[in-house]
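Down below are the structures I want you to see.
Two complexes, one shared chain (subunit A), two partners (subunit B, subunit C).
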Partner chain A sequence: MANVSALVDRSTAVGAKPALTAVKLSMGLGGLALVLLMLLGLCMRLAQGGLLSMEPELFYEIMTAHGAGMVGIAALTGAGIMWFFLARHVQLTAAVYWLMLCCFLLGVALVLGAIFVGRFAGAWTFLYPLPAHSGGVWETGAAAVFLAGLLSIGTAFLLFYLETGRAIIARYGNLSQALAWPLLLRGSQDDAPPPAVVASAAVIVFNGIGIVVGAAVLAISLINLYAPSFTIDPLLAKNMIYFFGHVFINATIYMAVIAVYEIIPEYTGRPWKTSRTFAAAWSAIMLMVLAVYPHHLLQDTVMPGWALAIGQVVSYAAGLPVIVVTAFSLLVYLTRSGMRWDLASALLVTGVFGWTAGVMPAIVDAVIVVNRVMHNTLWVPGHFHFYLLIGEMAMAFGFMAWLTRADVPEGLPGASYWGFLAYLIGGTGVAVTFLIGGAMSVPRRWAVHVPEWFMQDRAAAFFALISIIGTIVLLGRYLARLAAAAKA
Partner chain B sequence: MKKSGATAGFQAAAGAGVIVALMLPFSRGRLEATLVGHVLVQMPLLVLAGWLLGSALAEKLERVMEQWNRFGVAGFTFAIFVMLFWMVPRSVDTAIAHTGYEIFKFAGLPCAGAALALSFPRTIPLLAGALKAHFVSMLAVLAWLYTAAPVRLCNSYLASDQKMLGAGTALFACAFAIYWALGPLFGLPKPQPTIASGAAAAREAPGGARI
Partner chain C sequence: MQVSVLVVSLVLMIAVAAAFWRAVLHSAADEAQPRPSGHVEGYRTGLFWALVVLGAVAAVATLRPWPYDASASEGAIVVTATGSQWSWEIAPQQVPVGRPVVFKVTSNDVNHGFGVYDPDGVMLFQTQAMPGYVNQVRYTFAKPGKYRVLCMEYCGLVHHDMIEEIEVR
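Let's look at the complex of A and B:
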């Protein structure tokens, strides 16, 4: 692997070292944790398929670890991407990234301790009143440690957004400039921000709001654990939790897609510019991400009708702008660009189309009539495994492949090709088998399945195995090249 | 950035005026008659008065702050403790019953406000932002706490007052969130001290490093 390091350390707009090591470390840690959690996912599928006997308590612990962990990985890898590319345009303080990583890892330790020592198994969504009413499965302390862990992870990302926001404001004056609003409103802007900055600014705004709401509901749940007489209105708690959860998990992809905007131009030779449409799409998303979460509450008949109507209508609309703008522009950039395919470009393009495809079943499910049938079936994990596995994580691996590319065109040789293919086929299989389960009305979050459902469970386990092999190949390549670069 | 003497004088006068106005038996009685008046009007006004006084004195205290209030850490710590004390319902209650507490309130809250005014301009944006975000979510939690409390928390106030306080606090949380969001969204560019540049500027120019 000649000259890997030369490309790994790319100069930035400001020349400062923007915590490159920390970003590389985040991606590596994220990849390792991903393999472990995919194995847990495989175990869950085997257990549901009757091939592995597992106590339901353990199943739910594993499901909690898998859910919380995967959301954390998606967020961390997304943040790594955003930080890396934002550093090309604004001056970031590396120390803050390290601080973020420390808070994050502390949170991970707390969450893991709560689950595997304290036996907490109330799912990553910590939906009230489950953490407080375990039926004797876990102690109050375990739930408290879990919530504290999530608070620590939230703090990590708060610091991350404060620093990236500060740096953007220092460079562009304020966030509305960075969102390209002058361009949007007047059709022109001196010093128009590049797509990476527009996307980052939008994510900072909506995820900042999401995190503040999340912190409040986490603190409320914590107090309630120890002072149960201070009750929480369950509907309010559900609103706040799903607001936070929806916004937070969506932010991961909106951060990761920055890799597409910044890397693809190196292949096509055509710069990805901030157009008026692009700015409009991101501003629209910024508002709509905040307004669509009621699609998680479509079966809560006590919700006001107008809120549910918004949830349904905005869900169609929210799925579209950024995806359409990104996927469409990508197609335009790709046509006749003579782009050479290698692992990085293949994964990034896959990411955009995996994201697009994954959102479709989500939109379908946000239709109230459909939701009446599909709510809480495996259809739901179907759509989010699609856009997390073939969308977000594919972009993350694309970024990792690009970080460690050699300085000569490599194409897509043997191992990379097979690793990529296994990841793509296995991952799609995992998502599609979930969707099939959903179409069969198999409920989600059931530790025990009836034999009629075993077929799709076992098919899913098979695909999971393939995707895990693919992941190990992609991760192994990344780690081996980093090691080689470190030695050189 | 030097402030003109006139501005400082005006701020000092306004700050002192607000405190005196709040001390008058008439306004004291009126405001302390309800929980909302006490906690959401009188106390914030005392902090605001302190803020004005603190800003007025900022120039004079530059030297001292330079040595004792790097990045506002000391000031924030002090202000947080004062506010924590007055967040406890029992303290609010006792202020009605005991003159000592009342005096402490009228002295302590303006000092907290002054500490904030002397600290925000010297701190780094990361800390300021974290404090603001934390403050908003704490207000939301407090709003819930007062609304959800199963018992009457204060001897001097009605349980229904608590619910109103909860609702009022929720409004406060929204107002602060919106107010603090407007600056980063639409504000004019300001020079920002970073850890490195802040320390350097502080070393070079006493009176510098202000946002």
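Let's look at the complex of A and C:
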């Protein structure tokens, strides 16, 4: 095996690297949890395809765990990437990351306990007033523990954003400097922040808002469990929940892409710069991620018409920065660069592909007349499985591969090559079979399918198995190299 | 519509894949052309405005007429549908073919989804069934037959079996 011990020294040599151990631990935990949750997902598709006997009660518990868990993993790995690279530019306090991790893991324990001990199966979206109306399936306490678990996870990330925001402001003076607004508005800026800082600043703003709104509706839902007369308008609750959920899951990929901005230049020799276009794109995203959430409410006709129109129009507009700025710039940087391909660079480039391609079915589904026949079908998980498996998690695995790269170029040898291919093909197959299911009008979140739907369920299970194998290979390489570096 | 949507999406995704693959294939260093063309920013600007124009056309084409007009026109039949864990109360359950039907949908407890499927299992339309609110959607059935209502919003243990029929004559 190539000498991997030097990489640890090298990765800490550049600037301050507080909580490097915690970041490496986060990525490892994320990878391990991913494998387990993918196995749950495989079980779900097998059950839907009539190949695995599973009581609906268990199916919906697994579905709840799978959803909550995957969102948590995406957030944790994205945050690990953001912290690692932000530390190159600002002074971060390691203890806060550890505190974040502890709060996160506490939340995970509560969520899992609520589901597998308390039988809570309200889906990760906890859509009010479902947690309080189980139909006799779960007790109030189980719902309370689940909501408390999500609150703990939300608190974890709020601490993360408060610390990273503090550090950025301490370095750059204020958020407008960090977002490169002087460059955007006046064409020049002394000490213009690097892309990692611009991206981090934008995410801190929009996800901070998203988490606060999420915490509010979680708290309201929690109180409602024990004081049923304490209610919230269900439409307002739905708006808050989907605002929080949309913003939070989007933030995961907007954090993870920082790995692309920071690592790809090492391979191409072309620095990723904060240009006016880049600054404009991130400021636009900061606003559009917040404004676009009504695309989750297009079938609530009681919503104000202007909000639903915004949901459609801004969904399209929000795709422009990723297509015209991030993806376009990446392809320009790659072209005739003498790019050195290895597992890290292959995964990072795949991640941007996954994000860009995954946005397409989302934009299409956000067209209201399309949404009328595609909403809440398997089309929806089709979009986000592509976006997260081939997008965010590919970026996360790319970062992990880079963290454990050898100190000599190693290309894509044997197991790495086949692991990468299995991950890409398997993940694409999982997502595309969902899209096909959506086109077949198969509803999402159904424990029991009719035989006419079995073929796409079974095809999905096959691809899920391939993607799990790929994931195990990628994760195994990461853990083995960490272990080797620790021994050296 | 669903098949068209799938084809369009897959074509777009394949186009993205092709662009990435092309860049990967051309990633080797070229001493004759060590840098990308100086026209790169021009291409980016062109792509941006092309997508803006495309988006504007698509927005106008799909938002006019306003897709939420569910007002009860003359001769329309009104059907009320109420979802509860885990069944639908629909009245009337028989509607005429060729006449506008306005569905007024609500819930007694949690959020449900009112999805109407044709006899071939293709979804025709849907709306949310919310406690405390009445969502409306208007549809004209073109063919007689037995149509099914499936629950489209996860609502608990029997979500997958919350099915009812509407007969169109």
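Couple of notes before you dig in:
To be clear about the criterion, the second predicted complex is superposed on the first by the 474 of 488 C-alpha atoms of A that agree within 3 Å, B and C clash if a C-alpha of one lies under 4 Å from a C-alpha of the other, contacts with A are read in each partner's own complex, and residues count from 1 in each chain.
The rule is simple: a contact is a pair of C-beta atoms (placed from the backbone, for glycine too) under 8 Å apart; a residue touches a chain by one contact, two chains touch by 3 or more.
Quick caveat, the model's predicted, so the values are computed rather than measured.
With subunit A as the common reference for superposition, the partners subunit B and subunit C occupy compatible, non-clashing space. When the shared chain is aligned, subunit B comes close enough to touch A:Phe230, but subunit C does not. Judged by the touch definition given at the top, the superposed model places A:Gly438 against subunit C, while subunit B stays out of reach. When the two complexes are overlaid on their common chain A, residue A:Asn174 makes contact with subunit B while staying clear of subunit C.
When the two complexes are overlaid on their common chain A, residue A:Val212 makes contact with subunit B while staying clear of subunit C. The angle formed at subunit A by the C-alpha centres of subunit B and subunit C is 100 degrees to the nearest 10. By the touch criterion stated above, A:Met374 is placed in contact with subunit C alone, subunit B being left untouched.
For subunit A, the partner with contacts to more residues, out of subunit B and subunit C, is C. By the document's definition of touching, of the two partners only subunit C reaches A:Met339; subunit B does not. When the two complexes are overlaid on their common chain A, residue A:Leu158 makes contact with subunit B while staying clear of subunit C. With chain A used as the common frame, subunit B approaches subunit C to a shortest CA-CA distance of 14 Å. Judged by the document's definition of touching, no subunit A residue lies at the interface with subunit B and also at the interface with subunit C.
On the subunit A side of its complex with subunit C, the touching residues are 56-57, 60, 121-123, 125, 127, 129-130, 133-135, 137, 233-235, 238, 277, 299-302, 305, 308-309, 312-313, 316-317, 320, 323-325, 327-328, 330-332, 334-339, 341, 349, 352-353, 356-357, 360-361, 364-365, 367-370, 372-377, 379, 386, 432, 435-436, 438-441, 443-448, 452. By the touch rule above, subunit A contacts subunit B in their complex via residues 93, 95-96, 155, 158-159, 162-163, 165-166, 169-170, 173-176, 205, 208-209, 211-213, 215-216, 219-220, 223, 229-232.
Interface residues of subunit C, counted against subunit A in their complex, comprise 1-3, 5-6, 8-10, 12-13, 16-17, 19-20, 22-24, 26-30, 33-36, 40-41, 43-44, 47-48, 51-52, 55, 58-59, 62-63, 66-68, 70, 85-86, 109-111, 113, 115, 117, 121-128, 130-137, 150-161. The part of subunit B that touches subunit A in the complex is made up of residues 125-126, 129-130, 133-134, 136-138, 140-141, 144-145, 148-151, 177, 181, 183-189, 192, 194-195.
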